[in-house]
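Each structure below is given as structure tokens.
Two complexes, one shared chain (chain A), two partners (chain B, chain C).
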Partner chain A sequence: MTTTVFAALDFGPVWEMRSELLSGIGTMALVSVVSFAIAIVGGLVLAGMRQSRSLPISWAGFVLIQVLRGIALYVLLLWLFFGLAAQGGFQFEPIPAGIFALALLNSAYLAEIFRAGYEAVPPGQKEAALACGLPKRTWFGKIHLPQVTQITLPAMGNVFVDIIKDTSILSAIGVAELLRESQRWAQFYELPFEFYTAAAAIYIAIVTLVTFGWRRLERRFSRHLHTAPRVRRSRGLLFGIGGRPSTTTAS
Partner chain B sequence: MSASTSSLLELRQVTKQFGETTVLHPTDLQVERGEVVCVIGPSGSGKSTLLRCVNFIAPPTTGTIVFDGEEYRPPKDHRWIPALGIPEEQRLTRLRTQVGMVFQQFNVFPHLTVRENVALGLRKTCGLGKKAADARAVEELGKVGMAEKAAAYPEQLSGGQKQRVAIARALALEPKLMLFDEATSALDPELVGGVLQIMRDLAAGGMTMMVVTHEMRFAMDVADRVIFMDRGGIVEQGTPEQFKSPQHERTRAFLKSINHG
Partner chain C sequence: MVFAFDTTVISDHSSELLDGLLLTVEVAALGFAIAALLGLPLALAGRSQSPLLRVPATLWVGLARGVPLLIVIFWLYYAAAQEGLFSLTAFLAGALSLGLTGSGYMSEIYRTAFSAVPSGQREGAAAIGLSRWQTFRLVIFPQALRTAIPPGMNVFVMLLKGATLLSVIGLADMFYTAKLVAVNEFKPFELYTAAAVLVIAVTLVAALAAGVAERRMSKGVRR
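Let's look at the complex of A and B:
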């Protein structure tokens, strides 16, 4: 039975359209990386505002974060792309609109992640650094920031993965990313199952690759938690699957 | 710059407030060069706060600290123009390098190797180059028996070893005063002795020390003077001998509680 079902499938056109799909992947990659980079900067700014000693700035940061967290990406996209233009305002190009929306919303998430990471470093670290006569900027650069980075990297990786998947929503305003391309050729060939299956497989593959790459980055920043760092690192990507750093020792 | 310069440290009417709450009531204290002062008292009595004031990590709210002849008074708060606080911050940084501190929770830097833990302060405050700082670091680590662990990360060390690293890190800067805040309270019992021995040696070598501790045997053996604190103030002070028959009821009650604890 199953064989007849699969016999009806025709992945030939998917293969023929590979360069179109590949260009969709390229757009997805560009949009994700640029949005993520901008979101990191935005997140640092928002987190900085929240930490500010000035009450108005801190409140402004709080309100901004709450507002951004309350908007759905889809809604923001339509508002930016169609809404603003209809008011005689500003007509975005699709890709900049998508990047702007993704960066804006995710900067709010990252701000919360950064803030939590900032507070997760034990206060004793600062006391010890100051007691060693380190100036504040050295404490921040050499003691605080590396630990905040290590703490926040896993959550940052999740945001990056979300951004990658959310680029698919940009198809709604006509950005020719992977889903939009798949949609187009699915309709053209009337092979929705084949094209959407291919799209799903590509999303899974890319997210998997990014996850493993990110894990290597996390490793680099948590060297000090590995009891035998050299052995683990030389094993490369695939063998590292089960090798989450162990943090069994309480301190 | 007269008679008072003979003391290494002098506190005059020093207080510490956090917001509305006063954690340290006006306190006077003198510590002579080479003196070992042990500070005892119940939890929450302000012992750590006192040390943090002395170390300028949490400078006092009011009062005067004279350290090695240099007078320090808390400045105005520069909340509106933070840049005005920079010279003040630089001064605090300089004062802090002259006072070493060892903490209950070790507070070693987990992302740096043992050597880097010690070398970082040497490079930033003594202006040593990387090579020279590393060499000095290993030398300091040798003094506390930790030279072989120079390349290890703190994660791989026992509590006692971490505390040795923290002690080496503080001593490397050649402080004039060493502060120990319950340095052995977080250690497994079998590791306490080694760290206490390092502190004994340090005292015997003439280091000026303020030691917050619950180890009464250590206090009685090593201290030149014992201070009992309660509710944010010094209640009583005297030689270990005098503490065998304390004057105050609160001191008696405290000593009784830890002897039977």
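Let's look at the complex of A and C:
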């Protein structure tokens, strides 16, 4: 039975539709990079709100972060697209709406990462810098920021990978990214197995590439260190994913 | 924008909506159970000396964490059925895809938790003559589980959010119901808002519980 099952596989149409799938990958890349960039700005704003000395602002930041972390992307998209738009009698453009939703939800995760990174630098660094007579600006730019960057980069990479994977959910509102294209042609050719397997393989390849690229970036940002980077990793270079004991972006 | 919010359409259909919400929670819970059970042997295989165990486990974790959940759902529901491998109900396909995706994350969590147990514990257990299995069952595993619970709850929140996707394969969850009623009654805003608020409330409670658990754990074990 199994032999006949797999003999029927036909990946020809997948190859024929390569330019459509490629354009899906392009949309995915555009959406994920733009939403990641906006999410970084949003995350900085939210983290800044939480650090604020004014109690109402700091509380607003806290509540916003908690609420945004509880919202599922698909739920937000459906509400925006089918609820809010119907009420207002207008139509959202799929790509901007998708970018907005992705950036909004992920800014909350990034805010927590930035805050944790900011607090992870030992206070002695600041005391020593100021005791040496460095102005506060120099301390921040030359001492504090590089260390914060180096500490937060691995967790930021996880968020970026999550964003890339989550662009697949935008297919629900009609963004022509990789999954939407695969879905379209899977239905057209009636070959869901071939197209979804190909899509899964492409996602794995992209996630692996991004993970490796990101590690290079991490190494670059910790090149001034004589010791090994503080990021702990163990085995699991296969796929580039197994080796990082990360739980930060699990939700 | 006119904000005439009609609450009667929600109260009329509240029992159907809540049934749908329950279904989402159930499928997420079953998925989490699968993930928690699969994750443990995966983590142990990933720590194994033998590449025969280690390599497949690493591959599995890479696949589970690298492939988007929605693709796993489509793959298990449409692709496998087309090839005549197996055909699942929407509920089972959903629970299984959540379980498979979650197993990669759970395995990483167990792995971190195991390596967080101080090596003195293992040495101590060996010194008082416990066997390897006894050491694992009585000494290492209980301590690792403590560390694994808060991040494990985060995985549950992730799966709960993922479970909202399952209306795409026709699981009659809250959004599926909301869509049907919205089409019949021409009240999409009310229904989608109600559905969104309800499901967000559930994930928020779970996320807050995970946050509390995390803070408690980070206070450190009492000595």
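What we mean here is this: the second predicted complex is superposed on the first by the 216 of 251 C-alpha atoms of A that agree within 3 Å, B and C clash if a C-alpha of one lies under 4 Å from a C-alpha of the other, contacts with A are read in each partner's own complex, and residues count from 1 in each chain.
Keep this in mind: a contact is a pair of C-beta atoms (placed from the backbone, for glycine too) under 8 Å apart; a residue touches a chain by one contact, two chains touch by 3 or more.
As the structure is a prediction and not an experimental result, all values here were calculated from the model.
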**Request:** Determine, under the contact definition given at the top, whether A:209 touches first (chain B), second (chain C), both, or neither.
**Result:** neither
**Prompt:** Between chain B and chain C, which makes contact with more of the residues in chain A?
**Reply:** C
**Request:** Identify the partner contact of A:66: answer first if only chain B is touched, second if only chain C is, both if each is, neither if none is.
**Result:** second
**Message:** Going by the contact rule set out at the top, does A:120 touch chain B (first), chain C (second), both, or neither?
**Reply:** neither
**Request:** Mind working out whether A:199 is in touch with chain B, chain C, both or neither, as first, second, both or neither?
**Result:** second
**Request:** Could you look at A:191 and tell me whether it touches chain B, chain C, both or neither (first, second, both, neither)?
**Result:** second
**Request:** Check chain A for residues that touch chain B in one structure and chain C in the other, and list them.
**Result:** 251
**Item:** For the chain C and chain A complex, residues of the former touching the latter
**Value:** 1-3, 46, 54-55, 58-59, 61-63, 65-72, 74-75, 78-80, 82-85, 105, 108-109, 111-112, 115, 151, 154-155, 157-158, 160-162, 164-165, 168, 175, 179, 182, 188-189, 191-193, 195-196, 199-200, 203-204, 206-208, 210-211
**Message:** Under the definition above, what is the set of chain B residues touching chain A in their complex?
**Reply:** 52, 55, 57, 79, 89-90, 93-94, 96-97, 99-101, 103, 105-113, 120-121, 124-125, 153-156, 162, 166, 169-170, 173
**Message:** Can you tell me which positions in chain A touch chain B when the two form their complex?
**Reply:** 53, 122, 124-125, 127-136, 138, 142-143, 146-147, 150, 221, 223-225, 227, 249, 251
**Request:** Name, in rising order, each residue of chain A that touches chain C in their complex.
**Result:** 1, 5-6, 8-9, 66-67, 69-76, 78-79, 82-84, 86-89, 165-166, 168-169, 171-172, 179, 183, 186, 190-193, 196-197, 199-200, 203-204, 207-208, 234-236, 238-242, 244-247, 250-251
